[in-house]
Every structure is written in C-alpha cells, then in structure tokens.
C-alpha cells in the first residue's frame, strides 16, 4: 500500500480537530493532577494515621493498575452509582487521578527538601498551620519541582490516546475513525505518530528551559 | 444465571497472557536497556547517536501509537507480527528506552576511583565494566527497574486494543457475555494490583539479597 | 491449484476475525467460539480439508485493515456487504441476513424511529460500530459526525444507552435482541426494523487475491444451502435461511450504488 | 529556675549540655516529657480547665507563642521573600496588622539593625551578619515579651560577629524585654548578662552574676570549661 | 630523573606540588602533554613503529601496565567483592591464571599482610588499616616490577597507621621491587627510602639520601617545609 499525499491532505483537518482535544485533555488533566497530587501529599502527612494510611494505599492502588482499566471503570461503572460523566470529563478525571499519584511523590520530595529550619522559623513567627503551608513551605517547595512535574505532564500527553477507548474524540480516535471508514491505516497512524513525536520533542526543549529557570532556589 | 466460575477462568487465562507479556516484555526491555544504555556511553560517535535516536524515539512517542503502528502499518511494509509479538516488541522497546537512561545514570554514578582501580589492575575496558562497574551499578538500577516493570505491567492492558486476549481484553469479553460491567473490571483491577505488589516485593527481595555485604558502603 | 487453501490445509486451521456480538459471533465462558457465522465457516472449512478455525476478536473498523494486513484469513463476523466493502474484499455468497434496529430507552422519549428523525433532532445522538453501514446511513440522513458516536463494542453501546450518554444504539435486529435479552432491563425498548433501511446480508470476507479460496468456499456453501444443513445451523440463532438464499452477492454489492 | 521580667540571661556550657534544647522547649519546638513551665504567669504546655491542668491545645500554644520570639543560629530567613517581607509577614498574618502599618514598623526595625537600605534585597544577596540582623528584626516585629537567641554569631565569619553583637547591645540598652542568650562569646556574655547560667549534662550546674561565674567560678567543672574556652582563643 | 631497578624512592613535598600527579602519570591514569617516559627499557606513552615514535595504543598501554601496580590513598577496593575476590580478580582476568592458582597466591599475600583470616570478609566489614593492607595485596597479586604508593596512610586513624607501615617494611625487606612512595610520614620515609625527592611547584626541587635531605637540607624551601611538618607533630 502506497503513501497517498492527497489522502493526507483530506484527513488533516480531522486530525487537527483531534490534536486540539488531545491538548485540551492534557492541559486539564495536568491541572487536575497538580491539585490531586498536592492533596494526596498533604493527606499522607496527616497526623491521623487512618487518613494517611488509607490515602497511601489508595494512591498505591491507583499507581499499580492500568490507566486504561481505570478509564473503563470511570466511564462505564460509575454511572451505576449515579455518576454520569461526559467522555472528556471522565478522561480528564482518569488522567488527573492517575498522574496525581505520581505528582504526589514529587510534592512529597519537594516538601521534604524544605529545610527543617523553615518550619521552625514559621513557628517562631507564630504562623498557624495554614499560613505556614501557603506562605512558607509551598512557595519554597514548588518551584524546584516544576521540572519533575513537567516530566509527568509530557508522559500524560503520551497516554491521551487511551481516551479513545472511552469515545473521546482525541487525535487517536479521529485517526481510528478515519481508518475505519477508509480502510487505510498507514497515513492516519503515521501522522499520529509524527504529531506525538513533534510535540514531545518540543516539550523537551520547554523542559530544559524550566529546569534552567526553576531548577534550584537560592538561599 | 451467570456461570461465574467459567468467566473467572477466562479472566485467569487473560492473567496468564498478561504475565507472559510482562515477563517477555521485561526480558526484551532489560536487554535493550543495557544495549542502549551502554551504547550511549560508547567511545564511538555512531553508536552513541544510534542509541540516542532509539531512546528519544521511543520515549518521545506514545506507546499506544507505536502499538497500532506495529500492528496495522508494519504489515503493509511486509512485516507481519502476531499480536503477541507486536505487543512484546513494542512494550519491550518502549520500556527498554526508559531503562537505558537508568542504566546510563547508574553507571555514571559509580565513582571515578573504581575506574582508576580497574586501570591500575590492568583490567580492560570491558572487563572492568563487566566485573567491577556493572555489579555495583546494578544495585542502583534495581529499584527503578522495579518501577519500570510495574509500568510495563500496566502498559500491557493496551494490547487488548489489538485484540490480544490479555486480562483487560478478557474482562471486555466477560462483560459482553454477562452484561455486568462492575464485576469484570473490579476483578481485573484487583489482579493487576496484586501483580504489581508481587513485582515490588520481588524487586525488594532481590535488592536486599544483592546489597548483602555492602552495608555501610552505600546507603 | 489453490495455493492459499493448500497453505491452510498444511497449517491445519484458518484464522477468522469475529466481533463477539451474539448471535452473529460469540465466545462462550469456556473460550469456545460459536455464533452463526463462525459455525457455518467451521463446517465449510472442514469440508475443504481445513480442520478447525481459530478466532480472534476484533473491532469492526479493524477487520478489513486486518484482513489486508494478513492478520486473518477470513472475516466471519456479520460484516454486512456494501459496495465499498465489496471493492476492498472478496465476499462469499450471502450467509446471514438481517435488518437494522434501534435500541432506545423505554417509551422512546425522543421518538426516534428513523435516521431522518435523528438528523432533525439536534439533541439526539446515535451510537454504532465504527466504519459500518450505520455511520454512512446516518451521515446521509443528515446526522453530523459529532452526533454519531463510535462505540467499540455492543456491551458498551447498551451501557451508554442505559446511562443516557446516547439516545440510540444501532445494530442488526438479532444482535440488539440478544443484547436486550441478556441485559434484562425493563427500561429499554427496541425499534425494529428501522424504516427505510434495506435488509442487508453478510458473507465471509476474504482478502482480494484469495478469490480461488472464496470460490471453493462458495461451492461448499451452495451445497449446504441446498441440503438444508445451512438452515439447521443458522435458524436456531434466529436467522432466516430463506432470506439469505433469496439474494446474491451480485445484487447486494450492486444494490446501493 | 526563674527568670524576672526584663532580665538578661546568658546560657553557657559545653556542647550537648542542653542549652539549645531549653530554648527550643520555650519556643515549643520540642516536646517535654514532664514538668511545668510558666511564662508570664501562664502555663506554657498546659492549660487550666475546670480547675484541672490539661495538655495545651494548638490555640493555647499559639497564644503563648505570641509572647516569645526566637533567633536561630542559621538565621532561617524565608529565602523566597525579600527582607521587608520577611519582617512584615508574621505581623500581617497573625496580628491582622495592615500592610502599611507593618511596613512602617518594619522600616523602623530595619533602621535599628542598620539595614534600612536593604529592605528590597533578597536574603541570598546578604552576608551572614546582615542575614542575622534581619532575623533579629523579624523576631522583634511581633513585639514579644521574651526573646531567645541561640548562638546567633557562631555561624558567622569572625569579621561579621561584631556587627551583630552591636545590634544586641543596642537592643539590651533600649528595651526592657526579657532575653535568653546562648553563646560561646564569653566576653559579650559578661557585659550583656544580668545573670549567667552554666549548663552541663542537661542541668544548670552553676549560676550567678557574670563576675562571679567568669572570675571566681565555684565549681571545678565550670573552671575547666572556661579554661578550655580561653585556650581556644575566645576572650573573656 | 631516573630510578634504578629495586630502588626505594620517597616523594615528599607540600600539597599541590605534583607528587600524586607523577604517580598517576606512571599508572597512565593521567595524560601527559609532552616529554617521554621509559619504563623497564620501553617507552610508556609511545611505541616504536617503523623506527618512529607514535602515541601508544591501548594494547601497548595494557602491556606496560603489567609492570606497574598502584595503591591508593582511599584504598579503592571493590565493595561488592569479598577480600579474596578483590585479590584474585585481576590475575584471573588479565593473566588467565586459574582460580585455584590465583587463590593459592592470594592466600600467601593475605598471609603476608596478616589478613589470611579475613579472606571471605566484605570490604565494608574491615577497618581502614585492614582495607589498605588488602589493597596492597591486591596490587602485589599482579607481580608488578614497580609499585606506586600514594599517601597510603593519610586516610587512616592514627592508631591504624602502624599496621600498614609494618607491612611496607616487610615488603621493602623481602622483595626487590622498585617502589615509589608518596608520604607525609617523614620518619618512615627516612627509614624506608634509598633516595628522597623533594617536590615543589610541579618539579623536583631537591633530592638526595634520606640523611642528607632530612638532616641537612641544602635548599631553604626544603628546610621550611620540614620545619612545618615537625611543628604539625610528625616525627622525623
């Protein structure tokens, strides 16, 4: 089967539609993962053993099982208990939750890297728990972990094709639909691969810049 | 009404396929990790470039897309792989690319003095690598290899989309046979988690065994 | 003189693609392949000297590319004949015939009886297999592609109707009936047959170039149809042998043009 | 042991003798196993409820911490905030002082420690002595009744020690805060303190007026400690 | 500079004067910019081909390295191998000695350094002095003609220095290897060496018999160096 540039031209607009959804899902998923990760990291530090333990196991479980199955679960099983999510929302929640368990580890390391003296100074300044977190610890912990977080966001981007399994019309799904009706796999799949490679390589450049910009904090 | 034991049997068959994929994929990944990881440290520019290209390509594109490519596009170029071969190949090469960076990092973390001791004892480059550097680097690689193996296990679920009868695929079959969505998905999530725990436990045990005698030298 | 058939004989089995969509194709709890289409194919291949069939389950959209890529030797999955498909693969004579049905929620709240109804109601969504007849009909009837949801498998389609994600799920009548029977859900309703849709028939689909094998298959199929053995296999599944025997590949491949 | 309001105390003693520990306990950075501590007439780690003493809750501790400020050996400035923000942060958050009022007070304090011109600098741009003076201003901004200083000069290069000690002298002269100071600078301790406590093995081993302790220590262990210190080049 | 076969040389001199560097060059751990070095009658960094000198290839270097052994300041034992495996590894790999023969020889050497009972211990279980003695045995196992020792006692606790020096004395007495020793132990250098080289700023500044150098140094810089060393408590 030969490569057909006319066909490429014909399907390009459809694939671009898909790219948009892919990027949207990645961005929303990243935001959610950043929040979920922080929540998990904080919960794991909770003085209540029950909270920290159960959140710990929950995160282990999410991290030890495939995202694809989690997506099926969110999309097809949750409606049984009355939670009916549109495909994109279900996909973003799946991505955010799954990668949240990874970013939680990044947060944990970032928080542990804030020197003990900062906690003590905050206490000596009589700051409460909330103020200590929001004004002292997190502003110091987060910038150094931006590169590590960005790493996971690139990884997440590469897993968005899984959302096609729950009918999200992202790049992979668009390509599959094109392939289904034209019986041509070569062009759509190659283009999908190329899109991913290009965007990933660009994001590597971005990552280098982030590392340069936020890599370390001056004390 | 439903024959649960029969369906459970189907799921267990799927688990066998998943385990088979994980083991074979991990074997390939291990080989590739060392080949490419050592390749990146080679004296020869051509080998370094080749290794870098392999690593960047497989880390830069989505595993899911690679799988579809291997399964539907490669045959058009005359390379026909069975679903199992395609799955093992893609998963192995993909995880191997990540492993290569682990191998490289671990080797580079071994101190200069060990290399100098090798030179002083007149060991050749490869002899020193084989008997002195790699055995020490292996211990450093092991925990990350364990995480990579769990990532591999999770990634096997994607092969269900090229109709390889793994755990996730069998869950889909059971689902269409019984009309129940919750049971098959909950069951396989649990199985995946147990498999992940087994891998984590195995790696920890291996690590402890290898670290014996090294106490006090390395953390 | 048929190299492909010799190859299959030597190999001892033929690789068939199925969809796991009863009653067309099914996988039992013990992993055994059944369903009307594979059952017919199994008997014919045995007559041709190929001992068994080995099935792999596939999405509808992936079947023809898979056939072309040499992943299967034949598709026996209720892959309905239509002109474009006839151009891409070599069909046998008709095997299973069926009309289209809609699966909707109880009372059909949006009164969707035809594709045109769906086209007119801008809130209505329809789900169906990817790259199938249904998508083509929907498009022709004015349903924009963003309201035609590609659903990977029948069970997901059923679930999506139950959950209200889509208003209609469409498959051939017998498939829908089987699905509804298993689901045993009083909140579902079937519209069958869908008005304005012709009865369509599937055949075993071979790769272009394997026409000799296809012709050998056709000879055995014709013998079975004549002896009544054909009816004995497919009628328990609910299919009508008469419908398959009253039409031909030539007619079906030409009809829609 | 008891400390009078406005008293200046110097805590000296060998390494590991518990000087840091006692300051950290007063600042509630460390937990205590037993005993009672009263600050400004109130229990520090306990509170009275229905006539009974109970372990204090976080609210009670926060209230008590208002009375106490602490300056650390390693400054512990907030590296992501500029100098003036380091000083204004706590008053604004814990006392609800407006930004304007907090900054006015902060400028007075920075002026006092001689760093008014560094208000907008980041901590990383300051020398150790300057950092420590900012840390002093930051602790003062909360107007505590009691100030704790833990070896505030021992992480500094020798040429920077004096600028910090000068600030301390000024502070001692101008305010009537209670001050507890752990130091190895015996000369400074002598001039600064109303009373000197010599610690050893976790307890107060000898105490008295600076002259008594430094010139005529009664205990042999105190003598030998001072001798060692002098041998190491510290002036007394 | 020239070294006779069997000669024992001590290299002394201030920090940064190039003592380590010259040993590392001999061991081919460092590259040289110019000059020629001959070992045992052969060029070290060059090889003759068609009557011309060319930079040596890896094979030539490997051949030359057979003649030289080195013991490092920080031992550089292989932490993942037990003591005897550390000693047998190189002979088995580079000389094709059988395991049995290599272990027999290794046990002799371990016996010589007084560690026959530690053959199966891991390096992490040994004291610094024991580690250094294993390192000496490991270097000897290849039977080099020249041994290089770079401050082999300076990373050791004072009480462990003597056990290593004893091994060195034995070695000097029992073998006729050429030995180059960098050390700050002047007393030992005096007893051990046939000749002493004083290094300063990358060159040999003075050389002579130990008595000459230690008792009657000619150069002022050598005198002041020795004076400093004595002040720091080293015996001469």
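Note that the chains are named A, B, C, D and E in the order they appear, and that numbering of residues resets to 1 at the start of each chain.
The rule we apply is simple: a residue touches a chain if its C-beta (ideal position, glycine included) is under 8 Å from a C-beta of that chain, and two chains touch if they have at least 3 such contacts.
Keep in mind the model is a prediction, meaning the values are calculated, not measured.
*Asks:* Consider the contact graph minus chain C; what connected groups of chains does it contain?
*Replies:* Without chain C, the chains stay as one piece.
*Asks:* Chains touching chain C and chain E alike, please list them.
*Replies:* B
*Asks:* If we define chain centres by averaging CA atoms, which chain lands farthest from chain A? Would you check?
*Replies:* Of all the other chains, the one whose centre lies farthest from chain A is E.
*Asks:* Any idea what the CA-fit rotation angle from chain D to chain E is, to the nearest 5 degrees?
*Replies:* That rotation is 175 degrees, given to the nearest 5.
*Asks:* What pair of chains has the most C-beta pairs in contact?
*Replies:* Greatest number of C-beta pairs in contact occurs for A-B.
*Asks:* What is the distance, in whole Å, between the centres of chain B and chain D, each centre taken as the mean of its C-alpha atoms?
*Replies:* Computed value for the inter-centroid distance: 56 Å.
*Asks:* Cα centroid separation between chain A and chain B, in whole Å?
*Replies:* Comparing mean C-alpha positions, chain B is 21 Å from chain A.
*Asks:* Distance from the CA centroid of chain C to that of chain D, rounded to the nearest Å?
*Replies:* Here the centre of chain D sits 84 Å away from the centre of chain C.
*Asks:* Going by the touch rule set out above, which residues of chain D reach two or more other chains?
*Replies:* none
*Asks:* Which chain A residues touch at least two other chains?
*Replies:* Residues 1, 76, 165, 179, 185 of chain A each touch two or more of the other chains.
*Asks:* For chain C, which residues are shared contacts with two or more other chains?
*Replies:* Those would be 62, 65, 68-69, 159.
*Asks:* Please list, in label order, each pair of chains that touches.
*Replies:* Touching chain pairs, listed by label, come out as A-B, A-C, A-D, B-C, B-E.
*Asks:* Can you check the complex and tell me which residues of chain E touch chain B?
*Replies:* 27-29, 58, 62, 65-66, 68-70, 72, 74, 76-82, 89-90, 93-94, 122-125, 138-139, 142
*Asks:* Which of the residues in chain A end up touching chain C in this complex?
*Replies:* Of all residues in chain A, those touching chain C are 1, 76, 79, 84, 86-87, 165, 167, 169, 173, 176-177, 179-181, 183-185.
*Asks:* Okay, in this complex, where on chain B does chain C touch?
*Replies:* 3, 6-7, 9-10, 13, 71-72, 75-76, 80, 83, 163, 165, 169, 172-173, 175-179, 181
*Asks:* Please output the residues of chain B touching chain A within their complex, sorted ascending.
*Replies:* 56-57, 59-66, 68-69, 72-73, 76, 150, 153-158, 160-161, 168, 171, 181-182, 185-186, 188-189, 192-193, 196-197, 200
*Asks:* Note which residues of chain A are touching chain D in the complex, please.
*Replies:* Within the complex, chain A contacts chain D at residues 115, 117-118, 120-121, 123-129, 131, 135-136, 139-140, 143, 217-219.
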